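Take this structure first; my questions come after.
Naming follows writing order (A, B, C and D), and every chain is counted from residue 1.
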């Protein structure tokens, strides 16, 4: 049963809450393994949904699920080492909520029903909120508060969007199930005005979660204040799930022949996000905030690529995969940096090349990867988006896109160089440790491998995922 | 092609060896240097034999990549020609590095340096062999990335970090322009293959070329995109500067050349743009070189100058093609290519010399050097040879390339007005560049190596290790050999442009006679000098040779600080170019009746750097700072953003 | 449209306006409980639902339970724990808030008038007016009140508005009880989580004023 | 044979001619002037002497005079003196020759810097600067000549069918060229108004200050080089002006040297009637020939179709 993918982490999460920490950690990793296994089985098509009315396997969902599952496994291994270093007070809750978080994210990836998707996305917010404020520091609480409030408000608006879509069904006398798969077959019969209104609310709602500017405001706070494994999960997995909501809605509009409308909105949001990220990455004082803004940028890139369509969509999907891998790796490295220097401020770090050579390698490689340098996959995805945009004749938007990329690169590389090579006088708190460095390497290696060899099934899945919005690899 | 890839694998294996044996310092250096050099030599032998065999058949190889792309490689004469400097300079630089990278405390870092060196060499080779967009960009980005790591080798020094940062931004910015250029091409052709580029509409060609020209130009160092060069070259270790300045920036030239050939545009504007850029770059490059006191910075600006010369040659060739003037095109291109090769040798030589000086005299500032010719005779003499060569003076190699360009430009003097004016400008510019380059390098050689040492460090300098001096001697001799026996090298350049259809088949027999004459003239001149030297010996036989202090024009207590300085030497010349060169003088002034210590400083500022900062970076940063209120921390307004976003979007309904 | 339904909607509107002017937290919670029950009852009086299915009745009860008792009860407990009585002087004064509430009604009447033509079947204007006003007022509370606690209430009011919208427009959704229940569960858990965070904030800052929650910025 | 004779004659007569300038100056000053063979005496005197070398100098200092002298000799070897074909000649030789002059200058400057003197660097800097500006004009002239004759060699400029001559088709252009070349000659040979060989203050010197530390045969080589260079430029000018293309070599020779003598006399006259410019005026003065030549080139677009 497909639902097991959600239920297993939910179940183990409840168990872990009541068990001692040492067993909880084992449960975390074992569940992650089990989850990955189930995901792979779902990929092969061995698992059928038990409630086909609510859940189904769509190629885009599977893609997100696989990425989530893989990243979760790596992060859970990291988390074990990280947790033993930080001595968190309510670790069972942390482990339990992490597993709930996985459950809700899996649910997002598998949901087919409009409102089930909504429920799942709202659930991700609620499940991840405890993960952020478990530090109980002032700033962590503030960040959590903003995260929960802003996302709840945003997602509530998405619910209104869902209602509008349903309304458009009623006006169009469509009696199909309220699932994305069913609706996209009859999309042309839906009332276009209400569908568009629905899309606006959906994109604002899920866009809040995804971190599209100007609804991104919670993201830098939450990502920077959360413990690093959580930041990695938020950035590498959660944002993709929110993106899935936007993507599904875009699919619906595309099928209804309103693709231009939704594309333009996505392009607008994408560019705005990139510009906002550029503004804040320059002179950024905290490295985790810098990474958070970089996530906003990359979500913007993905939205932009999807909005452009054609070849760029393929690029956007690749970007999604590689961004998740590389960004979570970066956040994991940032966890090591935080442990090592005891500060989130860039000004209090430096000379990582000498003090933490392994972390520095991972961090700089991740930075190079996220900036679009080969041999990491973002090089390909950004290139494809640029190619696609030019092909579609979107000259002005692509100029802004390129400008933003250069600005962000200029801003970020200055900070990263300061951290890796800059001066640092004081001592270090915690030395780096292979168990906490290897996960970063593993994620980077995955991106590298996918840049050299993309498995055929993955390729086909991406193709079928983008085919629904008219994307293809030949423009 | 297989041999080439085999050689690249060996080179990369050399890089891996460095990482594996990082702990055993000397062993690691030796093993890496030998392996990587062996790879280079295999590649060199292969490309030379292909180049000289006049084999017109094109060699291709391709692999599928990520389902969408093909990694295609193709070898033609231009590719082979550019492979020659890559594979020649790399092993030389590596051997040089054996003694240069002598600090065993930095073993790991040195190993990483060798690793990226190997990647740089391999990626440069891939850049020139790439036959489609994807492959090219992939190799290009790898090249930028690996060279960045080479630049920041000495990262503890703040200037080096800044230099690396600047270089990084220029590399990425340039790459983005290339992305755009290739994307436009893709828009029209629908595939990545280089061979289809000429099919795009004529109207788009100019735009594509300009984008690519700026992108490649930022790597090559055209004015005003050169500002990373004078920062990055001093920052990098000297053998890295040698390879970057000697070879890597030529990849930008390769790109411009390749793009031009692939586009096959009919518009004469392209050639004119390239030529004028070349002139501006050349003249301003050398003027700035003259104004700088840091040897490596000066050499970096000199690289800018030489890029200018190469672009002048290339522009001459392009103008020749657009006016159907085959001789002009042929010699313009051949001259540019030959200068690429020559420059790679003498610039590497000079950087190595500078490195040797830096290593032993602990400073790069020529106003603090002096008298090194006696203390480091081999470095001094080879540096002198390199200086003569880079000033384009016979009988050394620099002259030959410039002669070809002159020859092409003179053939452009015809009745076509634009053509005439451009050719005249090119010729005059070359002459001025030559004169200023001579001034510039007399300054370096004269002040750093001749005269009296100005500081303690300079006075205590010793000759560098044999791996360094041997390489420099070899390169200096090569410069002389090319100058005296240029024929095989000119043939090499001719072979390089063999595959350009619009100029191939040009009858070079007439020109070869001239070349032989040049060769004879050079030989004759050397003979004459030897004769006069003997005569002088004869005249001095059995005569009293006294020695004493330099004539101080009546002043009886001269000190070394009274020597003419580089700043004063250049002051008048750079002052002449004032609007294009900023001279910042700071004078403490005399305030009291009995004045205390006063200071006067003069510094040359790069006009493009300053303006870039003033007109682009500062307003940009200021503008961006204006938006910082967005993230003010107040949740009420954050929610208001959402509401505003909704309301705004509803208007589009 | 039954008159009873219109009365219900009028009550809801009244509760919204009251919530805008009220500064006592306990009053606010009571208003909210009342509003929650009213909103849950709206579908009952809606004309299409004369024939109520069993599931529908069940859901109705659950909804009244959650919106009318569980959530307010939970919040009352939280208020007790926090020991907070009243909202400080808001960003926008209570009189102005009331005035703005009235403007919301006018604007929503205008909007309702505009969109009514596109809707299927006979729709009452009043329910749309109420829905929009409730939604807008909820957002307004979120944006204008200092105490984090009031923001939660604003969120709930907004949620009520959205629910009203759903009732008015998208009737199909109401036939899917599992989904509906899921939404409610989310709401409940959401409020719980918010409550937990609130108490934590109170423990840490000794207050739940959002003025303390503005440190993270660039 | 004629070529070799011509060359040898030029080499022999080169030291004599500068005395003409001094004589003219003496005439203007109302003095008697030095003996006609003064420079030969000087040469012999210098060759018989030993040298004193500064302890600061290295081998570069000793190479300077040799290369300087050799490059000047190269110019004469390639120049069609007195109507005879030059000893060597090929298409494109002008480029290499002017670059060889550059080489000579390069080493002269280096030799000056080698002395570690506070003054010689000053002269070296001026030399480098002014000759660069002059070089631009020279290459402009070469472009113009290429435009007129289609060739790039001294021999082809002045022998054969399509020769450059004032009494030819392009008088107007050539007048500009002559003026330009004359200024270049004054610059390159350190004559008034650019430089004053007779000055006594090192601060105001250009060429003289650079050779302060040379003595004995080294100085002799430098002087020889300077005389050859001056002869080369005068011959260049003379060749442009000389209207006679006679069959008889000896008559030709006579005419040619008459014109050369005329050039020297004009130099003497110029030196007598003008004062040297302030140093900051010199660049403007040297830019004049370039402007003239450039103007001439633009002119050819209308004249030569």
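Convention: a contact is a pair of C-beta atoms (placed from the backbone, for glycine too) under 8 Å apart; a residue touches a chain by one contact, two chains touch by 3 or more.
Owing to the predicted nature of the structure, the values given are computational and were not obtained by experimental measurement.
Most remote from subunit C, judged by the distance between CA-atom centroids, is D. Subunit A and subunit B have Cα centroids separated by 43 Å. With centres set at the average Cα position, the gap from subunit A to subunit D is 77 Å. Separating the centre of subunit B from that of subunit D, both taken as means of CA atoms, is a distance of 36 Å.
Centre-to-centre separation of subunit B and subunit C, using mean CA positions: 69 Å.
In subunit A, the residues that reach two or more other chains under the touch definition are 145-146, 149, 153, 157, 193, 220, 280.
For subunit C, residues touching at least two other chains, in rising order: 139, 142, 151, 210, 213-216, 218.
Under the touch rule stated earlier, the contacting chain pairs are A-B, A-C, B-C, B-D.
Only residues 628, 631-637, 639-640, 643 of subunit B touch subunit C when the two sit together in their complex.
Looking at the complex, you find that subunit A touches subunit C at residues 54, 113, 115-116, 118-119, 122-123, 125-126, 129-130, 133, 136-139, 141-146, 148-149, 152-153, 156-157, 159-160, 162-164, 166-167, 169-171, 178, 191, 193-194, 220-221, 224-225, 280, 284-285, 289. Subunit C makes touch with subunit A in their complex at residues 118-120, 135, 139, 142, 148, 151, 155, 158-159, 162, 165-166, 169-173, 176, 178-179, 182-183, 185-186, 189-190, 193-194, 196-197, 200-201, 204-205, 210, 212-216, 218. Against subunit B, in their complex, subunit C makes its touches with residues 91, 139, 142-144, 151, 210, 213-218. The residues of subunit A lying in touch with subunit B in their complex are 145-146, 149-150, 153-154, 157, 193, 196-197, 200-201, 203-204, 208, 214-215, 217-218, 220, 261, 265, 276, 278-280, 282-283, 314, 353, 357, 368, 371-375, 379-380, 382-384, 386-387, 389-391, 393, 398, 402, 405-407, 409-410, 413-414, 417-418, 420-423, 451, 453-454, 456, 459, 473-475.
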